[in-house]
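First the structure, in the form of structure tokens, and then the observations on it.
In this document, chain identifiers A, B, C and D correspond to the written order of the chains, with residue numbering beginning at 1 in each.
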Amino acid sequence: MLGRDAYRAWTTITLRWADADRYGHVNNTVYYQWFDDAVNVWLIAAGLLDLRGDGPIGLVVETGCRFAKPIDFPGAVEIGLAVEHAGTSSARYRLGVFLPDESDGVAEGHFVHVYVDRTTRRPQPLSPAWRARLETISLGER
Amino acid sequence: MLGRDAYRAWTTITLRWADADRYGHVNNTVYYQWFDDAVNVWLIAAGLLDLRGDGPIGLVVETGCRFAKPIDFPGAVEIGLAVEHAGTSSARYRLGVFLPDESDGVAEGHFVHVYVDRTTRRPQPLSPAWRARLETISLGER
Amino acid sequence: MLGRDAYRAWTTITLRWADADRYGHVNNTVYYQWFDDAVNVWLIAAGLLDLRGDGPIGLVVETGCRFAKPIDFPGAVEIGLAVEHAGTSSARYRLGVFLPDESDGVAEGHFVHVYVDRTTRRPQPLSPAWRARLETISLGER
Amino acid sequence: MLGRDAYRAWTTITLRWADADRYGHVNNTVYYQWFDDAVNVWLIAAGLLDLRGDGPIGLVVETGCRFAKPIDFPGAVEIGLAVEHAGTSSARYRLGVFLPDESDGVAEGHFVHVYVDRTTRRPQPLSPAWRARLETISLGER
């Protein structure tokens, strides 16, 4: 799994009681909530996504995750984000889940967004400005 | 609704993409997740609940919430907590949901825990130590 | 708690792995998801709510629930629904959670919707047709 | 994506209001809840998993999903399940999400469980009985 150096943007998320399932660790589905959070928080901060505006929105077409080590409430996770690939109207992100003060990640995943017109929901080519902004968080050398 | 002064303990929780429903605001059910978080984070910090130990655990027997104003991802909420009443083996908490830097709450609720033996799940009277600890966060004068 | 006779409309919901928390029973917050389901399924079936149309929508301003008995995945729950009170632009529903083939409920709650214009989000008086439809599921004699 | 013929076991799950996000369709993370449901419902029905017993439990080490078509509340989904591969102490499942009465799936994913001792959480080799049971739902010819 990639180390912290590979990632270019970070989001901290507080764990919730509801995240843990009957086995006493955070359920696998919750990591995907964090991927949604990390990607969208970054898109909003980067000025690319305006939830109340009329620009393009990202629809998720593929995700995946490998889970290396169980974690548990309470506490927080730090989600590292980087762009692996920008396509014509899509972006493939890599995400790493880390506990604060730990260098090894606890999970790693990918997340593919297709950017579509908000109303028609048809794919919309990424503008040069979008593309340039995505490049600022390109995945580090591995 | 009670102001910030009424509360005695605080927890900050980051909002998630998944918290908002189709109407573009945080869904009512999510506030109850935050109540679970605030109560349990405080119980753990107070040394009353040990998730991996064998002391009593709290089971929820009643909750309720009034919603004053919609809120939305991204951002965070601050949850104020206070004890309204400590019974023989139960505690009734009051909770207020606030946006950072706002003095008026966006929602207010209550949450009743019955403390039970972890294995038998039978109610267990609160020890004097528990009771004293709960009193340190008694709801402020109204 | 009210028996099955008090309720006028029913929705069956399948339990999910994610519903159970670390204590091995369905978490209290999940019951509120079912209340959302039962009310909205009924509103849609009654022709009062069209998720993709432009009529009024219901915003939740208050909920509450008492939990009588823990339940667990897998299986299903049956949610009974009845209208306790219809106001100028609001409705207060009573909801009962039952296991299939059991006559005593496992939880009982209330749920208050204010009906608002979808765009302005301002309260909108209930039309006579809405009111008449709500009356068809008035809470039974107690 | 695989058709219905590829799958060997089926679970029907009711959609919830909470499943849809601000874009008015079921959020990507919810499909993973259904994978948890389908796998565990089958394991329990097959007699391999006893939630309250002391046999091995499955921990999720990898999942992934491709999303072909948005779906929305209300309604239900049918989850098709098959075993792609059984390892020494693991199983890789393939899952398809279908709308009732539709032959093409709306999403397809995989889910890898490692079976561990419930207490030590160390991997435990699959018994011949487990292996034989898993083979009864081997993925169909493609």
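Here is the rule we go by: a residue touches a chain if its C-beta (ideal position, glycine included) is under 8 Å from a C-beta of that chain, and two chains touch if they have at least 3 such contacts.
Computed from a predicted model, the values in this text were never measured in an experiment.
Asks: Need the most distant chain from chain C, centre defined as the mean of C-alpha atoms.
Replies: If we average the C-alpha coordinates per chain, A ends up farthest from chain C.
Asks: Let me have the rounded angstrom distance from the C-alpha centre of chain A over to the C-alpha centre of chain C, please.
Replies: Once rounded, the distance between the two centres reads 34 Å.
Asks: With chain centres taken as the means of their Cα atoms, state the distance from chain B to chain C in Å.
Replies: 24
Asks: Using mean CA coordinates as chain centres, what's the chain C-chain D distance in Å?
Replies: So the centroids are 29 Å from each other.
Asks: By the touch rule stated above, which residues of chain C touch at least two different other chains?
Replies: Within chain C, the residues that touch at least two other chains are 17-18, 22-24, 27, 29, 33, 36, 51.
Asks: If every chain is a node and every touching pair an edge, decide which shape results: line, ring, star, complete or other.
Replies: Looks like everything touches everything, fully connected.
Asks: In the complex of these two chains, what residues of chain B are touching chain A?
Replies: Residues of chain B touching chain A: 12-14, 16-18, 24, 33-34, 36-37, 40-41, 44, 51-52, 72-74.
Asks: In the complex, go through chain B and note every residue touching chain C.
Replies: On the chain B side, the touching residues are 22-23, 27-30, 32-33, 36, 51, 57, 59-67, 70, 121.
Asks: Which positions of chain A touch chain C when the two form their complex?
Replies: 17-18, 20-24, 27, 29
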